[in-house]
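In the two complexes that follow, chain A is the common piece, with chain B as its partner first and chain C second.
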Partner chain A sequence: MASAANANLNAVRETMDVLLEISRLLNTGLDMESLSICVRLCEQGINPEALSAVIKELRRASESFKASENCTN
Partner chain B sequence: MASLDQKSPNVLLQSLCCRITGKSEAEVAHQFQYAVRVIGSNYAPTIERDEFLVSEKIKKELLKQRREGDAALFSELHRKLQTQGVLKHRWSVLYLLLSLSEDPRKPSSRVGNYGALFAQALPRDAHSTPFYCTRPQSLALSYADRNAGLSGSVGTSGISSLGVYTLNGPTPTPQALLASQSSAGATQPLGSRLAWALPVSSSPSSALAPPTSRPPLGPAVLSSRLVRPRRDGDAADEVSEAALVRDILYVFQGIDGKFIKMNAQENGYKMDSKVVLCRSLRDTSSRLAELGWLHNKVRKYTDARSLDRAFGLVGQVSRRCLVVFFTPVHLLMLTCVFPQSFCASLHQELKEYYRLLSVLHSQLQVEDEQGVTICTESSLTLRRLLVWMYDPKVRLKTLAALVDFCQGRKGGELASAVHAYGKTGDPQMRALIQHILSLVSHPILSFLYRWIYDGELEDTYHEFFVASDPNVKTDRLWHDKYSLRKSMIPSFITMDQARKVLLIGKSINFLHQVCHDRTPPGKITPASKPADTPKDAAELLSDLEGAFQEKIDSAYFDTSKYLLDVLNRNYLLLEHLQAMRRYLLLGQGDFIRHLMDLLKPELARPATTLYQHNLTGILETAVRATNAQFDNAEILKRLDVRLLEVSPGDTGWDVFSLDYHVDGPIATVFTRECMGHYLRVFNFLWRAKRMEYTLTDIWKGQMCNAKLLKTMPELSGVLHQCHILASEMVHFIHQMQYYITFEVLECSWDELWNKVQQAQDLDHIIAAHDVFLDTIISRCLLDNNSRSLLNQLRAIFDQIIEFQSAQDALYRSALEELTLRLQFEERKRQREEEGQWGVTAEQEAEERRRIQEFQDTIPKMRSQLRILTHFYQSIVQQFLVLLMTSSDESLRFLSFRLDFNEHYRFVCRSKETR
Partner chain C sequence: MAHWSTFEKETEKETKKLIRSISKIEDEEDQNFQSALKFTWSNFKFHRYLDVDSHKVQRSISGIYEKLMVHSDLSKAGSWMRLTEEFLNSPLPNTHETKPPVPFQPIMGEPDARAWLEQHVVTPYWATHASRFPHSLHLHSNLLNVWDQHLYNTDPLYLPEEKAFVSETQVIRETLWLLSGVKKLFIFQHHDGKVSVRNDVVVTHLTSNCLLSVLEHVSVYGQAVFRLQRFIDEVTGHSSEPGPPGSGSCSRKGSEPPFRTYQAFVWALNKYFTGFKEELTTIEKEIISNDETVTLSAVLERLSSHLAQIKVLHKVFCTGVAEVPPATPNVVRASHLLNTLYKAIIEYDSVGEASEQTVALLFSLWTETVRPYLEIVDEWIVHGHLFDPAKEFIIQRNKDVPVNHRDFWYATYTLYSVSEMVDNEEKLNDAASGSSGGDQSSSNRQLTMVSFLKPVLKQIIMAGKSMQLLKNLDWKEAESSETSSRDAERKSLYTLFLESVQSRLCSQEGSPANTVSEQQATARSLVKMQSIMAQHLEIDDVHDPLLAINFARLYLEQSDFHERFSGGDFIVDRSSQSITCQTFELTLRSCLYPHIERRYIECCGNLMKTLKKDYMLLEYLQAMRNHFLLEAGDTMYDFYTAIFDKVQEKESWQQPSFLNMQLQEAVGQRYPEDSSRLSVFLENIDPSRKKHPVNNLDALTLSYKVPWPVDIVISSECQKIYNQVFLLLLQIKWAKYSLDTLRFNIAEKLEGSLGEEVKPKEPSNQQIHRMCLLRVKLMHFVNSLHNYIMTRILHSTGLEFQHQVQEAKDLDQLIKIHYRYLATIHDRCLLREKVSFVKEAIMKVLNLVLIFSDRWQAGFGAWKIESIDKVESDFKNCHMFLVTILNKAVCRGSFPHLESLALSLMAGFEQC
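This part shows the complex of A and B:
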């Protein structure tokens, strides 16, 4: 059991590494944690189109936040 | 991903929001709400979930950014991802990553329409044919083809669109790409570059439709030296169309290809799941693989039947059906007839199919050898195969359905099954089925013709619908030996035709074996040459109503007529029938009367003292003395006397019977049961005749003695009674005789004779004869229903006989008395003549005493007679009651006639009132 779990865990880690590498290649700007959250969401069946739209919106929002903060500062 | 925690999407979304914006949860509430709304409303993706497409897109993007190394790296990573198999929704993840990817060269306009920019970019690439916006004429081709066919990556088509842009500039990218993916690298950079600019010509193994529309780039020369990147060895990469086509061609014949293998559990051809292939290609090849499945099905059936000896007779399979292109020749062993002929027809169809396949294969080979550009119009693509194989597919489908339907059937059943399939509106299918049907029914028809014209039946596997029972001996040949096997009657032969066929063959066999008539069948029926080839069979089948029926009918008429002729001429069937009527049914009146006269003293004796040869001698005498002597000698020699079983107390009357011997073909009509019936009827008729005879005697006696006994007035009362009773009996018997002779015998006989004269075959005669006998038996009260009536009748007959004996006794004593009295008178007169006293006192006293004694016996006689009369009348009454309630009309009429003046009812009433 433990070995199976371990093997599983290894596989998962490897997959995540690969995905991170791809993400870096594609210059998506996702860090490991975000990437893992996204992957989890996708695995649960979320529509990636919608998800990507959301992420972009969030980024925009964060940019606007930063801009407003900068302005105020 | 088993190890990931299964948090709910909301939670995940929340944490994502926090993460990306870098704010705490409370602050991102607004964004979170938006996120939830967006995700909730866009539940299903708008584009197709094709992982392959997405990966290609990614590569393209990378290449667009001139990052070929990265593209290669990505391919590696993608492969790794696939082999790991941890992720389930690889497509989603990849798509997400793709949509989030940013071109580092582009200025990061992170404010404002950041998303809008990307949103615009996406839809263009979101379609399934993103590459063709620059090359409209290439839209004619399938996207899949291009993708598969193009060596190198999808990037080539992208590059072709790029080609416009990059023609000038050095394009090391294609080369690098090529180097990484092709086996023999493109040595000429220029060539390769140009080749990449002309994706059509650059994919030599699948010459794609759009002709090289860039003549200045001179594709032919260059591409011939171009590498043909064979995808075959590259399992992880996409499979080229050429390889697929080759595979498909093998699958068409039922051989497993490299990528498409037979999957036993799902009973179908499945693409190897590891093969990287885009969806449309996969679908097309699946559709084409169906042909392979159908082919296998049909093949399996024909192979199984060829090895199975249990199915049918020796049949000939035409050699020409067996040459097969790709698979080894299966020599069908000469085993069966019907499934064999069915297999033969299937093989013919398969042969056509193989021919087509061979053409395709040769085409492929040509292309392989000579490169692509020679025959760009007619090169093999999956699409082309789809179109070309449509008709064969329909045919194979029909054949496979037919095979399914015909599993396990043989003989006529098989033909019926195939015929049932022909009831379709599709003319092509109908033609196909007709063809198969003609082949399948050819053996049936050959059986049929042999049976009709020769009477021979060689059917080891029980496929024909006429069955012969080998255990039956010659004497039951007509009735029992041949029968119809109903399940094997093909549906295109009606029951009537089948019966006629059976009859014809039966007649021929009957003639040969029972009548010993060896006339060759050719003489019987002017037979046309029976169907030798399947073509004849086909013609016949197309005209079942006309030509076939005609054949059968003519054979039927001729054979039956011949049979009847033989029977009547050589075996005198009709004469025998008439003889039966004359002798066994008492038709020859004078003979019967004379016979009875002669037999009377003999038969009065007890039965045990009778000897057959005595009676036979008497029979001979009777024959010679009457008109019977003029009959045919053949008939007379069959006439005989038979003594029935003797029970104690029988007189000769009870055991006597005539007999008629039958043998040979006549025995078919006059079977043993028939003869038994005849004897019963004879018995009945003979008894009735005897009654008539008896009463005639009585009447004679009465007439003679009436005058004599006039001198004895004391007897007149008794005599009167006798007379009355006698006349009653005479009337009764008279009516009975009338009934029997006219209503029963004559009418039925007339009917029988008419039918026999008009009969067309022996079956009709036999049937008519049986009907005749049944009618007679039921009308003569001999069947089971009329047992009570018969018993009454017997009782009446017994009474008549008793009366006769009583009357005889009466007359005897009366006559004796008369004689004595006369003697007395005579003596008296004599003595007076001699001068003596006429009578002395003692003599007179004696005489008087004697007369008194005599007169004393008279009341006894009278009472005896009265009892007799009473008994007789009651029996007759019961008989009448039974008659009136019988179901037969003629019997009811008989009751009316018997009691026409209601005498019996009167008697009954008077007796009751008394």
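This part shows the complex of A and C:
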């Protein structure tokens, strides 16, 4: 049982590594943590395109928020 | 957000993490965080993106690869392909925790999978104490609670019970599953073939009684579906539940031949159910896709026509199959099923347009079910081979009787006739070769077997037996004609029937271009006809427009039928039980019966031709007439005169060898082929009967050996009758011969034997004269009788018989014609029991003749005047008696053929 669990663990870890590599190749700017969050959200049924649109929008909003904060500062 | 499910809570958590990680806002109470959260949620729930499509993803992957190649970034392109392939081929991980250093959670085990399904797919409403799902508190959605509250308030004894809550969608889906034959359900309980509804299931928007009544209405159909499905499984051998030992299907599987009619019926039912289940699946898919609101009543409305059809099918099944007692033979089962379907079609057909769909369904069912039956009929009437391993056809072959047995024609097949309304079974062995005697006697009270075949049953039997006989007759035509080689291309009866039905239906519908004008024309003629009918009805003081319209339709249909199928191909049998104007009956008459009739005519015609050409039937009949009825006068003259001479010489002639030799000599000269077949026998006659000289010849019996198959027509019973007539003719010929051979040398004999001994009381010349006169009178009598019999009776009847034989269409008819011919001759030769006194009178006269001629030959010494007187007076009495009787008969008009005899006898009668 433990070995099976271990084997599963390794497989999952490897897959995540591959995903991270792909994400890096595509220049998404996602780190491991964000990537895992995205994967979990996708598995829970969220539409990936909607998710990516949200992420892009959030980034843009936070950039502009930071920019406006810098200006006021 | 207390009402959120676990799933939604998880997503909420992840979303917050995502926002934290991207926007770097840690404080959840921050306004920006909250707006980001709201924004994220609204985009997750209400977006316009399509679902993930693997093809699109693949295309993007290939596109990116191409782009990288185009940009000459080969290493990147290579790693891109490698990574994507690796990812796509790896198993999908299921992660729970986020932090990378912490090892990922292992992949979930079986109980967790169940839990996941329970959380993400549907709440298990079938489990006790299932969690309640949320619903609105609007009155329409909350009717159950409101009603419960009302009952609680009004009825002090009311105790709310524990109920299982389901949604309407779940109810609909369970209904659909019930109707597709699933047994293990929650709402509908299946017990011993009965379907009942759980009484503790509720929906929130209906009271429990209301829901119960709706579901009970559905459960009836579910029960019907189960019953039919069980029957289908039993017959196809797929029964999943083992029945009790000795129950029908399990024990029947390997050893018994398949019951094809039931199988065909099951096949038709199966086809229907396939269509029905497709409809159910379509509805279920619509429910799953959730594009529109689907309610239970909408679903039931959509399925209403199917449910009505299932009800009809179940009814037909119950009457036609389920109510049959288990030990019934297959013959009765098949016939009962076909009859039930037939009756059902007629019944629904009479309703008119309201049940067109039902009639169509039943008709297609009937067409499928009747296929094995028609194939059996086809095989029999085309190849002469009755292939029926399960013994389901109403005509059974008696295997003990081989084909070339003498009784083949009568004893080979048994017609199984069972009365439907009476409980006793009467098996009628059909001894009269093919005539459905049992049916005719009891057709008034009860339905006969397989009523749709009744009008053509005789033809089928005749054709089948004829084919079988032909097959065994070295049918020379078969080898030369191409029919045997083209059997694969030959269309079976069933195919022809279907084609005719199709063409009839298509011709009724008409081409699309003409439909409108045809409809208009039909409508106009219908209106015209209806007004005529209404006028007619009003004469009888009946004011009923519906009746008038239906009459009008009736007459239009009839005229249409006659236009299309004019020509005397077949006779519309108005004696059948149903009204001939029914569409189904018309269809049968025009599509099935003509093919059978045609085959019957062809087949029986071939048999007749073969018998006449190859087996010389006519020649044998002629031979019988030649020798028994003495048509070959000169030949038989040689034979019988030899006997008569011996009798006159008082020599013993009762030796078979002498008789046979004479016969052979006589016949061999002109009819050499018959000489081997003819023979003479002497029967043992009761010695007490041999009183009179005329009965001397009674022991003589002629026998003609007729080969098979002609002996089917010329049977031994026929020969007996021939012999009786032969005997009579022989007696007449004997009398005639003995009179003809009397010579006029009596005068010398007279003078010679006179002389010293006796003194004549009268002058001898007068005596001679008297004897000559008597002789002439006797001769006139005998000659009249002889002529009458030979010409008026035998010759003319013979001509009639020959003519009828030419016209005979099948073997049965031929046999009947032959029998009738013999009966006529037997009758007219006064051989019947009823007219035995006439015959006795004639015999008496013939006896007198023989005595007279005997005495004449013996010489005058044997004569006394008293004897002559006696002979004269006896003859006169008999003559008078016969003339009176015959005149009476002729005046009454009962025997017109006796007129000539009466006249000629009267002419010889002295009035003084």
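What we mean here is this: the second predicted complex is superposed on the first by the 73 of 73 C-alpha atoms of A that agree within 3 Å, B and C clash if a C-alpha of one lies under 4 Å from a C-alpha of the other, contacts with A are read in each partner's own complex, and residues count from 1 in each chain.
The rule is simple: a residue touches a chain if its C-beta (ideal position, glycine included) is under 8 Å from a C-beta of that chain, and two chains touch if they have at least 3 such contacts.
Since this is a predicted model, take the numbers as computed values, not measurements.
> Tell me which partner A:Ser34 touches in the superposition: chain B (first), chain C (second), both or neither.
both
> Based on the superposed arrangement, let me know which partner A:Leu19 touches: chain B (first), chain C (second), both, or neither?
Once the two structures are laid over each other on A, A:Leu19 reaches both partners.
> Looking at the overlay, does A:Ser64 come into contact with chain B only (first), chain C only (second), both, or neither?
first
> Check chain A for residues that touch chain B in one structure and chain C in the other, and list them.
5, 8-9, 11-12, 14-15, 18-19, 21-22, 25-26, 31, 33-34, 36-41, 43-51, 53-55, 57-59, 61-62, 65
> Okay, in this complex, where on chain A does chain B touch?
The contact residues of chain A facing chain B are 5, 8-9, 11-12, 14-15, 18-19, 21-23, 25-31, 33-34, 36-65, 67.
> Which residues of chain A touch chain C in the complex?
Where chain A meets chain C, its residues are 5, 8-9, 11-16, 18-19, 21-22, 25-26, 31-34, 36-41, 43-51, 53-55, 57-59, 61-62, 65.
> Can you check the complex and tell me which residues of chain B touch chain A?
1-4, 7, 9, 12-13, 15-17, 19-23, 31, 34-35, 38-39, 41-47, 58, 61-62, 70, 73-74, 77-78, 80-81, 84, 86-89, 91-104, 110-111, 114-115, 118-119
> For chain C, which residues count as touching chain A in their complex?
7, 10-11, 14-15, 17-19, 21-25, 32, 36, 39-40, 43-44, 47, 49, 51-52, 64, 76, 79-80, 83-84, 86-87, 90-96, 98-100, 103-104, 106-107, 120
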